[in-house]
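First chain A sits with chain B, and in the next complex the same chain sits with chain C.
So, the complex of A and B:
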């Protein structure tokens, strides 16, 4: 590639990257600015202050919400990985009547938007008396259709002899899944894990519907209510501080896993 | 080590057609038995049923006189070696070999002893810390065999273990498998589609076709006394030549191939059953090495077949001569110095003491 072409490419990429980074960077800096300076959209405040964060912590139980979010997303991700791989294994490696039908139904549910099932799901939660409990935040998300699909494909890509050998060595199906197959599909686990975690972390609508007790609210729910619900008293700085607080865990997780994530996105569906 | 007995074992996937049709045979203690047949003949299915990886649709499977149809693979006391090795990619060689023993809750010390011993037998001690990825095909296959040995099973099952190796390594491993069998004194059931492997390795060979047993016997019995056209055409390389013709009585009983006038006088042949085929079509079978370029002193009598040479393969130790016969060809194995020219007439002398006759309708041997 000629140098000119390369230069143009790099300039374009830099502009694109900056346009993504800029609002985020501004958000962080603004959350650290005195309230009076935020309106002028300056990049670097005259002095750094944590008053917005202090004020946020005093106004809402943000620590508790962070705990709730970590708990709920953690459970949802962990259990969804286990259950989805079990279903994926059954669909790819076990012979039983109606296997393809079940798989088609699972795929079909992926085409239904969440909004359509929102009301029926809510009614179920009410009937089960799970409203205002962790159960309503976790149980409906313990099976992940995307995860099932990914695991099914990943298991299909592994040789049957690996499973046969494990069976002769004395493994049951569960041990086959988790000690023999799992270590060989790490990229799939990371992909499904990150997507399940992000999906659960970013969920706002569902918690808004089933949780009213502030002590049980997840971070996005609390931040949303705080920002649009009037309790921030129109102070932009405090709202931005809560937004930074909300985004940080996901960004940290992404930085941590990005190598795996990109690798898995590039290699899913390919077998060695 | 143990006896394995299959009683009318059959397998069906759809409940209608059987891929294995009521096969019965016995593997004796310490015997090396090869199941051989073309792909799709059901040999691997039989092996997988013995292993417990496939359900048995009908019949009984007995290991050491105990019915094991409903036992899990791990409870059958067998070990299996797979064509693609099936080593656990995320474990080292040591862990691969120790895994099954760990699941049996064996003590660490005993596991270590067994792994070291098996590794010593197979010459893979330097590989114990490596992962399968960092090894060649031959090394992986050794590890796969090692994983079977450490279990100290009653029966070893081999599913085309050499098919993924290159030709040179395959010959080497064949010899090593023989040595291993001697060393382990184990019952080995070995599946292959390669008749050379079957001939060289087996104490006995079972030939399968379309889920049906075609013949069971020692390699030399199958080679010299094939029960049917399929076995005659499958065992041996190149296989038996088939010459279709009629049994006619002139003064004596003769086999006649019309277009070439090839005539075998049957009065010298001890086969009495052939008399029942007078005026009927039969197929004559003759091995390439029983056809000569000139009559021999110590054998015979010989029947002359005059035809045209259509191709010659000079192998160095021997010469394979392809001669035209109607639209087909027959192959003769001559000494490498034979003076044969392509496209010219060639006289083939068939050792009539070595011919087989087959009934074209049943494809069975006439004897």
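So, the complex of A and C:
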């Protein structure tokens, strides 16, 4: 490649990269500037102030929402890992009637648009009296169909001798899965874990439907309602502070485990 | 072993699907008793101008979002696939919006799109151009949302295309070099046909994703101005949780789900025909 072509390439890539990074930078700076300066902010405010964050904490129970989100996402991820492993193991390593049927059903339900089950699932929550309870945020998400397929694939690739040896030692199926097989499929666990956690952490539509009590709201839900509701009194800085607060944990995790994040997310497309 | 799955399947998928179908023949505000209305809801779907507007808006969104996403993602992936430095940095930057919640992205772009003093309009003015009513002009608002959605998702598709590009055998390019083919010729004649499967996959993934458009218009515009950004899912949500028309909302949901499945099947048909 000629020098000119290469220079153009770098310029294009840099412009593209800046267009992805600058808005985040602007948002952080805006959340740290005095309200009057946000309208003209380009790079840095004349002085850094934390007043938007202080005002945010006094207006909405954001600490509680962070706790709720961590709790809900943590439970959903942990249980989804356990259950998907069990189902994936059964589908790949156990012989039983209806195994193929179940596998077909899993594939079929993955193609089912969520719009069809949204309203009835809300009604189930109402009838079970799970509206405004952690149960509605966790129980429907304890099964992760994509996770099942990932674990099925991973278990399929392991040698049968591993399982046979454990059986001779008297291990049951559950012990085989979690103490013998799990250490051999760490990348799959990381992938399913990241996807389940991100899916749960970023979910907004469902919490908006089933949670009305402010003390039980998840972080993205609280921030959404803060953004569209009147409580920020149209102060942009405070709204942006809550957005930064919501984005920070996942961006920090992303910067540390970038490779895992990218690989996990890409696997959702490549498995199609 | 599979019992957790089966319980979940019956309670949260099979039962809701059946219940959904049942609801489409009833009127229900969730508090009072259900009232059988026969095909009343279904007739209403076809007469509901606002719902068809919402479907039309969603299709407009897809018509802008999908081509934009495929072209820009493919271009960026092709750039990254060259022999360049800082590859990891660029990739990480493009991917950043993918991991962030849609709410954050939407709130951020609400400020970027602001008519009076948003960064985009200030940039346009400093370039000597006029302001654009990104979110307040009914003709532009859906396009703005499509641009924003593309910005959010594109990193994922850049990665998928990169994986696809790396599967193209090097010999093909070497052979083309011998014949003196230009970069552009090689890209159109070799790269694009070779990664067709990836392009189709991205096409279908963004169609399915695009049909579920909700949080962006919900936060950004509430469906306005003049219902120009009212998406189908947003309308279904409003029917259920603002007006409490559970039966009607379920009918819309079933109808829309059916529509999505049809569109995806049609796309797959066309693609398979094209490939063979």
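The rule is simple: the second predicted complex is superposed on the first by the 244 of 272 C-alpha atoms of A that agree within 3 Å, B and C clash if a C-alpha of one lies under 4 Å from a C-alpha of the other, contacts with A are read in each partner's own complex, and residues count from 1 in each chain.
Basically, contacts are C-beta pairs under 8 Å (C-beta built on N, C-alpha and C of every residue); 3 or more make two chains touch, one makes a residue touch a chain.
Here the structure is a predicted model, which means the values were calculated and not measured.
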Exercise. So, on chain A, is it clash or fit between chain B and chain C?
Worked result: fit
For this session: Give one of first, second, both or neither to describe whether A:184 is in contact with chain B, with chain C, with both, or with none.
Result: first
Exercise. A:170 contacts which: chain B (first), chain C (second), both, neither?
Worked result: first
Exercise. In this superposed model, does chain C or chain B come into contact with more residues of chain A?
Worked result: C
For this session: With the two complexes superposed on chain A, say which partner A:230 touches: chain B (first), chain C (second), both, or neither.
Result: neither
Exercise. Once the shared chain is lined up, is A:162 touching chain B (first), chain C (second), both, or neither of them?
Worked result: first
Seminar exercise, completed: With chain A overlaid, the minimum CA to CA distance between chain B and chain C in angstrom is 18
Exercise. Any idea which chain A residues touch chain B in the complex?
Worked result: 159, 161-162, 164-171, 175, 180, 183-184
For this session: Over in the complex, which chain C residues touch chain A? Could you list them?
Result: 1-2, 4-6, 8-9, 11-13, 15-17, 19-20, 23, 30, 76, 79-80, 82-84, 89-104, 106-112, 116-117, 119, 122, 151, 155-157, 159-160, 163, 183, 201-202, 204-205, 208, 211-212, 214-215, 218-219, 222, 232-233, 236-237, 240-241, 246, 249-250, 253-254, 256-257, 260-261, 264
Exercise. Inside the complex, what are the residues of chain B that reach chain A?
Worked result: 48, 51-53, 72-74, 78-80, 82-90, 99-100, 103-104, 147
Seminar exercise, completed: The chain A residues in contact with chain C across the complex are 1, 5-6, 9-10, 12-13, 16-17, 19-21, 23-24, 26-27, 30, 38-40, 42, 83, 86-87, 89-91, 94, 102, 105-106, 109, 111-124, 126, 140, 142-143, 148, 173, 198, 201-202, 204-205, 208-209, 220, 223-224, 227-228, 236, 239-240, 243, 246-247, 250-251, 254, 258, 261-262, 265-266, 269-270, 272
